[in-house]
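Take a look at the structure set out below.
The letters A, B and C name the chains in turn, as written, and every chain counts its residues from 1.
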Amino acid sequence: MTENMLVKEREVVVPGEELAIGMDYLPSEGAFRDGDKILSSRVGLFNLDGRLVKVIPLGGKYIPKKNDTIIGTISDVSPMSWRVNIGWAFDVMVHMREGSREFIPNDADLRRYYAPGDLVVAKIIKSASPKMIDASLKMPGCRKLGVGRVIDVQSSRVPRIIGKQGSMISMIKDATNCDIIVGQNGKIWISGNDHKMEKVAEAAIRKIEAEAHSSGLTDKMSVFLKKEAK
Amino acid sequence: MAYNKRFDGRKFDEVREMEAKVGIIPRAEGSAMFRTGKTVAIAAVYGPRGVFPAFLQNPKEGRLKCVYDLLSFSVTERKRPGPSRRSTEISMVTEDSLKPVLDLTKFSYLGVDVYVYITQADAGTRAAGINAAALALADAGMSMKDLITSIAVGKVSDKIVVDLDKDEEDHEDGATDLPMAMSTRTGEITLLQMDGNMTQKEIKEAVEMGMKACLDIKKVQVEALKAKYKGAGK
Amino acid sequence: MKKYVEAVLLNNERLDGRKFDEFRKPVEISYDVSNKAEGSARVKIGKTEVIAGVKMDVGKPYADSSDKGNLMVGAERLPVSNPEFLPGPPNAQTIELARIIDRGIRESGMIDLKKLCIKEGELVWNIIIDIYTINDDGNLIDASALAAIAALKNAVLPELVDDKVQWGVFTKTKVPLKFEPINVTVYKVGKSLIIDAGRDEEAATDARLSVSVSETGSVHAMQKGGSTGMSLDEVDKAIGLAIKAVKPLRDALK
């Protein structure tokens, strides 16, 4: 099977680069077929998943998807909805019925719940088109965030920052004693009692961002945190 | 007078020394520098992002917009700030040279902006600009069928050459400038312009020479993209 | 984020751990950005990057300064450097940037304009400095001002034949310079005064004071920006901060 692979697993590939030959494989995300060859359509890491040829992106702006947890700022409040700026071209909309686990009466002033400038964690529930994206503030995990440091990381690095079953981010939380929430949109909220530990958490996250695709990262981070978060 | 030896000693089908780097502007989604000889171009990509005014939004796919200009001190006689007719035209042909390979279908109502600036000009500026722009788009994670490569070919006095420099453009016996851009993978030509004096046969010969040179340019581009991630994936 | 930045500052810390009067490291200056410019330089303060170039021309002097050459400073905040900068003619903030830098150079007497006179009343040298921002990570003002000064230090006169400039032919004569005014901007965030605001700090800024400082510590130009007021005490403290903080920029110019 692998004789028809032209590149190695997790090798960096670029647009137009030939990945595989033959009709046994199917191009998946980041790849396309041209004749009997499968080629990469972007800069990323080659990944063979069964018969699916994929290119995992190494860069690129965050594109909102259903079920993503995102961090954003309330940008506008209307009689029946809020708009949230999540760093996307268009703000996402939270309808009042998705605003809170508590019942919100029809004549309520929505600013009493979330006002412009408030930092929130929300979940994307519908992505009809780039212009019309709906989110919820009442799903588990969603809430208004208190004062904290918000940093921006490349959204393509978020999976690595979170780690398998959240193992990587838990390691940082435990070592720095900080509350950390990671948004798929690349926004990360860090809040601790000690600003120095918040800075260590940020430094740890930035380190993962820079070295996201190198191996042995878990061990490297363990050493880093032991040293920096005494 | 026959042009038998190039001013800088290059072979007739040889491109000047090239240098490329991506990620040079941290704020942008993607960015790159491309140098051919003494011509230096930088490019930055922002997007996908909003398109305004709203009537310019396209529900079917994203909109690519390129802006090209020379910095005032990039040329011998200062260029006054503000787009000239030349830079407006080059902005447009740059855009048209990159669109054929881009997949913007997932970006309805949105736009991708590419900004190209020449910081030092020594002929072949639009080609260097397109090479930088293609790299910046790839660096920004854009989906495309291939990296577009660009070079200026032409005729200096009586010889067909690749990558004319400024001295050759100003040759006393006249020169023809033929900028081109293409997808080396498919052979599709996406930019073609000419001003000067060439026969049909000469044009074919020049473009074929250019196509070969584009393979060398592609190598430089690919290396620049991969160099950013040296150590990644291991 | 603004409240957070203010809170960190009130705790006597900065987001990146710097002192309040500390410039980011490294401060890098390189020259000869364009071989077509009479002089050019690239400045990096942290990740903020700006390039500047000097072009020269000759022309008739102004009637009220018939024995002096002329200086013009232009700036463009290029769209490559910040997603909020769009192509088009300079807006008020960009023009303000150019004029702040212009005043710092002009009022300090940095360029000996009399030495730029070729024939009194008839022909003088005109110096045009063009500044372009490349990456905005906060404090474009100081990086731009430093780039302009560095480009001037790098500049030589072009060849003049029969009163016509032979562009592309450079002499070895440097532009006659007397002093080195350096611009330091002090940013007021809440109640705190800081030097060299980073991107998040600049976004949280209420007011700023740009101070052009000479080698002897005297001030040649100032500009207050932002729509929040500053007390006399704050202004005085800010000027003191600027004079104290300038050293790394001066060292980079050597």
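One rule holds for everything that comes next: a contact is a pair of C-beta atoms (placed from the backbone, for glycine too) under 8 Å apart; a residue touches a chain by one contact, two chains touch by 3 or more.
As the structure is a computational prediction, the values presented were derived from the model and not from experiment.
Colleague: Using the touch definition from the top, what's the fewest steps needed to get from chain B to chain C?
Modeller: Minimal hop count between chain B and chain C: 1.
Colleague: Count the C-beta pairs in contact for A-B and for A-C, then report the pair with the higher count.
Modeller: A-B
Colleague: Distance-wise, how many Å sit between the C-alpha centres of chain A and chain B, to the nearest whole number?
Modeller: 33
Colleague: Between chain A and chain C, what's the gap in Å when you average each chain's C-alpha atoms?
Modeller: 39
Colleague: Return the residues of chain B touching two or more other chains; collapse runs of consecutive numbers into ranges.
Modeller: Residue numbers touching two or more other chains: 49.
Colleague: For the complex, which residues does chain A have touching chain B?
Modeller: Within the complex, chain A touches chain B at residues 10-12, 14-17, 30, 32, 34, 39, 41-43, 45, 57-61, 63, 89-90, 129-131, 156, 211-215.
Colleague: Show me the residue ranges of chain B that touch chain C in the complex, using the header's touch definition.
Modeller: 25-28, 31, 38, 40, 42-44, 46, 49, 67, 71-78, 81-83, 113, 115, 117, 119-121
Colleague: For chain A, which residues are in contact with chain C within the complex?
Modeller: By the definition above, chain A touches chain C via 147-150, 195-196, 199.
Colleague: In their complex, what parts of chain C are in touch with chain B?
Modeller: Of all residues in chain C, those touching chain B are 33-37, 40, 47, 49, 51, 53-55, 57, 74, 76, 78-83, 87, 89-90, 128, 130, 132, 134-137, 167-168.
Colleague: Where on chain B does chain A make contact in their complex?
Modeller: Spelled out, the residues of chain B in touch with chain A are 29-30, 47-50, 57, 59, 101, 103, 106-110, 138-147, 183, 185, 221-222, 225-226, 229, 231-234.
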